[in-house]
């Protein structure tokens, strides 16, 4: 066999030339996009980027380490509020972003510590409670503007010479691309392997020398770090944050994102976040969709209630969650792998 | 002093006395077998040694060091590796990744170093590559080439057994604990397993404890044997002595040991 | 003052105990923490509302109708979704219950969400049944306590003194053995879901008058129910009732003596504390996987 090979190819980010080519092309398109599309679409992409970041981190925790979090919106909230506060205090953007993310990671680690030893369903309950508790606590704190919320200062991006929207778009996409790459590297490394070992068998992981509680905490911290970054950017995106933004439902949507995309896969996180964001926006004005919209309005009129149509979003998200688990446990990524295999065989 | 000793170990679960007052020592480089009917407490010995269970009483020493009550990952680092009776592989990872995980304790790269891994000359990349070479040696040793990039759940049972042995070997342990390595294997695979266990001792100098029901295998490879029933040692010594021992024969009545 | 506090604690505790019971019944039967429990209760409560206020049924009929609906909802949830899980594992089941939770939440919001409703039950929050200098007992208070006791007694009789209860126990202890002995374990699981849903629905009907009838009305009580269940150890029905009452008491004491504002996170603090001391829950056995 090929004993003389260098093995470096096994740890490279890109498996082959083609994937490197497509990735660079994709990045090039992202870079040039602001010159071709309207500001509204840039903001859609920004929202996708935010969801990609959260999904990457959550997927490391859930898909790779086999833990669960039903309170990720809580981490995002911590990132958003602490980032906003730090920037209000005059800290420049990059240190504020990193500090907010580190703080979130620290809290993630703290939540991870009691969770380490948790058995069965208890972790899901703890994280659910955490998400709800964060909202209550933030909503009662005056520094954060209580229930009314607080405004987030705009970034000083004038030096770039670009319109604010465009500059913000670059901030978001660059952060996202960097984090995607970091995640890919992380998962190929000894740390990522240890995570996956814990997911598949924590007993075997411990007897081959992996400090299981150490790595579980670490996974929580990493996951919270990503959520913290996303949160800080989320504040910039919305320019105003309220406790209600980061609800229990948001946590479940994050979970739905990675389940839809594919647990344990970076491609899955990206695909899932893009599709879920797109769906979320489309569903908000589903009435405007040609034929389908009319059908739904008619259905609402006769059976449901027209003013509650926005709730279709929840129904569909719920059905997606159930449907993926019942029919395609590997999510979109599984679908993608299958399609790829199909096309590889196609000429024959 | 001996390489390893187990002193007056007892362990019970609720009302079940799984082990009572068990002691033995290991000499460096020997193959030591533990036999006994199902439920005798054999696997419990391994679980106590590898730190998954804490013994109720007694102490365990490795090279003069007291390791009783240590966490499993510390014990692994101290030089004890094991396999499981019912396979505990990382099912959704490839064979290579499973073996690489066996190298985990020998890898150091910190998070920051790891971020530089895409650069060929970075320390993390060099470390990773070095360990991949090591793993390739194990693949070659156990003849697993054909399965290296396949996910474990898709591999045949015999190969999974072998892979788990390989993962334990990758730790470069001083002591290797094999819990029923030949269970579920066919005749040919069992012969291979015997060959490999001997090879591991002869070539790598690893001390081995084997739990096994198959008497042919036990006779073939053991330097010494310990027979267990209801958590108590009923005989220990040379293979034939132990197998001829009256209580051992009685313990196996109704569950006659396979002597092919 | 302290006696009023005790009354409030008992009322809250009874409701928490009901929610915890409903979760515990499913958890015992399937080891699934059912995150749809709250929304199932909410949906059933809306049914009561429709039967009562829109169709004008008498209360007892409406309640009976609700319980039938709740049973079907639980049974069908198990039959249609839980049973069909591919490669079933804990994460998959949790996700299915979350999905179902969202579907119910969305449907309720779609149909009824746009305006808040007030509920006219025969027992109201404002009518006083009994009053001394130090204690006021409202109709709702009394109804909560009485209904909770009735449900618990009913469950006790059902589980301990009927064949169905025996079959449920048998399939909890060992599915394979139960199946071997001719117990239809699948159907038993469905029935467990149904019974759990009934208990939850009663809790919902009791929650609605003190909060508002809207799709998210059970979020907070659900967390309380989980806290009570964790406190009591998920698998012990006696335990979770005690857990519920204890939570009601601690929460009200905390609200009175320390901080009313942060009363709602007491439940979370209790969950954390209990699990910190004993990761497998207060009364649950530590589970070691045999290898």
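Lettered A, B and C in written order, each chain numbered from 1.
Everything that follows uses one rule, which is that contacts are C-beta pairs under 8 Å (C-beta built on N, C-alpha and C of every residue); 3 or more make two chains touch, one makes a residue touch a chain.
This is a predicted model, so every value here is computed, not measured.
> If every chain is a node and every touching pair an edge, decide which shape results: line, ring, star, complete or other.
Graph shape here is complete: every pair of chains touches.
> Comparing chain centres built from Cα atoms against the global Cα centre, which chain wins on proximity?
Smallest offset from the overall C-alpha mean is found for A.
> Please give the pair of chains with the highest number of C-beta contact pairs.
The chain pair with the largest number of C-beta contacts is A-C.
> Just how far, in Å, is the C-alpha centre of chain C from the one of chain B?
That pair's centroid distance is 47 Å.
> Can you work out the whole-Å distance between the CA centroids of chain A and chain C?
Chain A and chain C have C-alpha centres separated by 32 Å.
> Rounded to a whole Å, what is the gap between the Cα centroids of chain A and chain B?
41
> Would you pick out the residues of chain C that each touch at least 2 other chains?
291, in rising order.
> What are the residues of chain A that contact at least two other chains?
Expected reply: 203.
> Multi-chain contacts in chain B: which residues touch at least two other chains?
52, 84, 88
> So in the complex, the part of chain B that touches chain A is made up of which residues?
By the definition above, chain B touches chain A via 50-52, 71-73, 75-77, 81-82, 84, 88-93, 96-97, 100-102, 104-105, 107, 109, 111, 114-115, 117-118, 120, 124-125, 128-129, 132-133, 136, 140, 145, 167-168, 171.
> Can you list the chain C residues touching chain A in their complex?
Chain C reaches chain A through residues 27, 31-33, 35, 81, 84-87, 90-92, 94-96, 98-114, 215, 219-220, 223, 226-227, 230, 234, 261-262, 264-265, 267-269, 271-272, 275-276, 279-281, 286-287, 289, 291.
> For chain A, which residues count as touching chain B in their complex?
Residues in contact with chain B: 1, 3, 6-8, 10-13, 182, 185-186, 188-191, 193-194, 196-197, 199-201, 203-212, 264.
> With touch defined as at the start, can you tell me which chain A residues reach chain C in the complex?
By the definition above, chain A touches chain C via 62, 66, 68, 70, 114, 117-122, 124-126, 128-130, 132-133, 136-137, 140, 203, 248-249, 252, 255-256, 259, 263, 300, 303-305, 307-327, 329.
> Applying the document's contact rule, which stretches of chain C touch chain B when the two form their complex?
Touch list, chain C to chain B: 288, 291.
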